[in-house]
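I am attaching a structure below and will ask some questions about it afterwards.
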Amino acid sequence: MSLDWQNSPVTDDYSIEELLITVLADQFRNDDQATNGMGSFIPVAAFMLARKTHAPDLIWLAGTVGLEPRPERIPASTLEAPLWKDSIMYIEQYGDAWHLLFSSRWIEKFCVGAAQLDQYGNANNSIIGSDYHAPKVRLPGTAGLADLCSLGKKLYYWNLNHSSRSLVEKVDFISGAGYLEGGDARDKLGLANGPQLVVTNLAVMDFHPESKRMQLKSVHPGVTVEQVQDATGFELILPDGDVPETSKPTKAQVKLIREDIDPDEMRNK
Amino acid sequence: MQEKLTTIEEAISKISNGDVVALQTMATVASPMTLVRELIRQQKRELGLVVLVGGIPVDLLAAAGVINRLIGAAVTMEQFGLCQQYRQAVEQRRIRVEEISESVLNARLGAGARNLPFLPTRGAIGTDLMKENPDNMKLLDDPFGGLPVIACRALVPDVALIHAHRADRFGNIQYEPTALWPDMGIMPYAAKQVIVSVEEIVDTEVLRLNPDRTVLPGFMVDAVVEVPYGAHPTSFYPDYGYDSDFHRQWTSISRDNEKVKEFISRYVHSPANQQEYLEAIGGESVLNYIAKWEQAE
Amino acid sequence: MSLDWQNSPVTDDYSIEELLITVLADQFRNDDQATNGMGSFIPVAAFMLARKTHAPDLIWLAGTVGLEPRPERIPASTLEAPLWKDSIMYIEQYGDAWHLLFSSRWIEKFCVGAAQLDQYGNANNSIIGSDYHAPKVRLPGTAGLADLCSLGKKLYYWNLNHSSRSLVEKVDFISGAGYLEGGDARDKLGLANGPQLVVTNLAVMDFHPESKRMQLKSVHPGVTVEQVQDATGFELILPDGDVPETSKPTKAQVKLIREDIDPDEMRNK
Amino acid sequence: MQEKLTTIEEAISKISNGDVVALQTMATVASPMTLVRELIRQQKRELGLVVLVGGIPVDLLAAAGVINRLIGAAVTMEQFGLCQQYRQAVEQRRIRVEEISESVLNARLGAGARNLPFLPTRGAIGTDLMKENPDNMKLLDDPFGGLPVIACRALVPDVALIHAHRADRFGNIQYEPTALWPDMGIMPYAAKQVIVSVEEIVDTEVLRLNPDRTVLPGFMVDAVVEVPYGAHPTSFYPDYGYDSDFHRQWTSISRDNEKVKEFISRYVHSPANQQEYLEAIGGESVLNYIAKWEQAE
């Protein structure tokens, strides 16, 4: 590929989905291994973008099934066979996948969405409400999230609807363990790694190294710190000094996303 | 060898009200939908359902009042959204959910298959799942002094419902090389009875050409039925993809209980057999469409 | 097959290996499932003979690998690919085999040899001597025997060298659990089934229903009860009245073994 | 992608004296014999060996003084008899045996692979194996009130040695449809490092034609080497069978320590490479003979 992505200038012509894709793509290094779950068009676009630019050797296990696939573009599902076209290996989901995913040695990075995420990075995809057996809303359920969160993976949360309903002080139900009550609560249970980053339509957040509370890392172009704080259900830790602005995508990145990776605009679904 | 080939009606009649049924389903992928519709036609009641990730089959069974409890990791139709009938039934306490993570499900079924009282996992530690499920998940100290594990109690479903590519009349089941979800790898080994629908019944000699593709031995299978397009509207690669129009048709009416009744009447009760079902869902043009699954929307 | 095996007369023209094969074959019914381990020419001949006569549907998992194979004759190894020629299914040895073999529901019958077998059917294939870490003889090891013995299988022992060295009062090491100290010792540990029959070059033995001590079931033609007792390292329980004689093979059985099943005489190796 | 293709010397140089080495071996079946001979050539010492059922490789390693402990279920060459050099070394306390049954081995390696402290089995209950191995096998009560199990402590070998049919330069390993022993299914997942010899290095495109036959992903593999007939004298189906003459030659001299030295000199130290080894064992005529494995004696 002759595209000069390294020297491509940033652009203002990008959608919020494209910004999330570039922020996430930046989290993946050339020697990383990552996998995606269902409904994960943005993470899949981020993997594919990273592989076409700075991380050509990023190992991608598509849908936890197909290793190193070559789909021509993002298909309509991130959990069906078109995504793992031309794979090098199929991972058998009872045997191999257990050894691969449920060990902390392999496939260490995972991007995921959560209906609720709290100030300590605990995730809820199970229920909204206080009565587990008669919830206000029954959500899909934890699927593999409870496992990945407790098995030493690094988790990257994305959220296109930053609000005090999705970013809450305390989740109604812990479907995926973040830093629990914060501080060394996670360490005490022997759980390695955990939530690394939260990327929303307003900002990028990570976690304070000691308190493990969510902290603002950068605000997206055009968004103020106040807007972010107002849309968040708890007090965010602010960095010392000015809050940086999230880097905009480059022209080359946007072109790759629109023309090569996702011409069918699955990222907007 | 013992004949296992039978009819859909006969196969499903083996299931009793109240049974725990392990169902192959992974969002929009590979579910034995003809067997699921037959559960509704035979008006089964109070079934417990074991699923990895349930999709449209769970929604239809919830809508028809067939199930009253679910053991599983998730229920969703992925890009087609939440299962609204299931959701409503849970919120109204008509279905009780035992939510377990994938590793806990693997461990519970794995223990069932191996005749062990439990298998351990370190997944789900720190979550609220264990709090809601003390009968089946217990924190257990490592006898060697390491970190504690969650002991996951053996789960032995009364029956497993599976769809596969081909089988012989004796119930030896073969799968084309494709994604093998835990449904296939562990559910039938754990269940007391196994019922399998297949796209095609073939001579045993055909199976002997590729013994590595045989996924279940005939002696484990109680009934096998031949049902072309038996996974529709879910996908069954490499034969066909999911039917996106059918899924959208369902989600467009699935919040409306009256329309849900009509839908079930049209697609479940009215067709007298699989042939009539395939005509009801659109016949040749739909079947040709799902065969071109690389272009699925 | 037009062979009239049901009406075939018994014959005196048989070898001791052929007698063992026919005695073992008689243990397998049409709805049984059985598997063989290594060096098991006699059991494999018994399975093949049963399938060609009274148990055509006997399910045979060859070498724990190949289901329902069709080898033309017994090959030179019972744990290599020629044995599982034309199988219907290959059993993956980490996953499927664990579920199949280590569950008591499937593949319930297994024939095995043991260097030592004691009066309660405990088996030793590990060491001869009293010091485990400096044994007089290091034997091959338990392989899967310890598992099969404890996981509710029915075990059929064969032994071509009936002597007080192979049939001992107490084994030097329990590599496979029989009835342990006898009585309800095995039941108390929750172990189902266990040793069913011992077939040697002199006699056939089973186990007393209460004491679980080995008892003489029949002596082979030409062998006396005294000869058997003298060659045994402990006192055998005798049946009430006369000890029956082991049924001789039929002409049809011998013909099948010699001409169809094992023309290369692996049974004599 | 990271290049994993290297030489036999370089691959085996990654192993340190004292390491625990998990070795693919099942009596006379499928062992990475060229890698085993290289362990002897490089004069490794005090290795621990993990085997399911060790055959001639264990005997050669014992004869050459490479190993001082063995964790495994059995050691035998099946129809060719006991491994006399191994036996002698154990009886003389030069090798310490930790004998475990197959289910215990599966459980120990499975726990290692899954990063669990232990896995349970009900196999081996009542035997003397546990008595001799209290550090790695402990009776554990079922927290749900059922029968107790044996907790089998996680085993994480330093390195696994494997032979396979083909690989690409990046260490993606493929196996033809044939018996997959636990060596292949679990040892490499449990080990810290994985070294694989293959009959043939192919382009990655070849692997993509049959992704269901890929058994190990390249990122798990530390070194891959191309060694035609790399399993000789053990069998490697469907390419070749075991070499019965070679096994008989070994067993005819394996009680005689002087002749054992000559044997090792001739077949291990003298050949400078695999080509010379194949000539030493008889060249084309032997290779043609083992290719016709359906007639093996």
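Chains: A, B, C and D, in written order; residue numbering restarts at 1 for each.
To be clear about the criterion, a residue touches a chain if its C-beta (ideal position, glycine included) is under 8 Å from a C-beta of that chain, and two chains touch if they have at least 3 such contacts.
For clarity, every value in this text was computed on a predicted model and none was experimentally measured.
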item	value
Contact-richer chain pair (by C-beta pairs counted) among A-C and B-C	B-C
Intercentroid distance (Cα basis), chain D paired with chain A, Å	41
Between chain C and chain A, distance of the C-alpha-averaged centres to the nearest whole Å	58
Junction residues of chain A, two or more chains touched	66, 90, 92, 94-95, 98, 102, 151
Of all residues in chain D, the ones touching two or more other chains	115, 121-122, 147, 177-178, 185-186, 211-212
Chain contact topology (line, ring, star, complete or other)	complete
Of all residues in chain D, those that touch chain C in their complex	26-29, 53, 72-76, 78-79, 82, 86-87, 90-93, 96-97, 99, 101-104, 106, 110, 121-129, 132, 147, 177-182, 184-186, 235, 237-238, 241-242, 244, 293-294, 296-297
List of chain B residues in touch with chain C within their complex	1-2, 113-115, 168, 172, 185-186, 189, 204, 207-208, 211-212, 214-215, 217-220
Residue ranges of chain C touching chain D (in the complex, touch as defined)	38-39, 63, 65-66, 75-82, 84-85, 90, 92-95, 98, 102, 125-126, 132-151, 173-177, 180, 186, 189-191, 269
Sites on chain C touched by chain B in the complex	31, 33, 57, 59, 66-67, 86-90, 95-96, 98-100, 102-106, 151-152
Chain A - residues contacting chain C, complex	92, 94-95
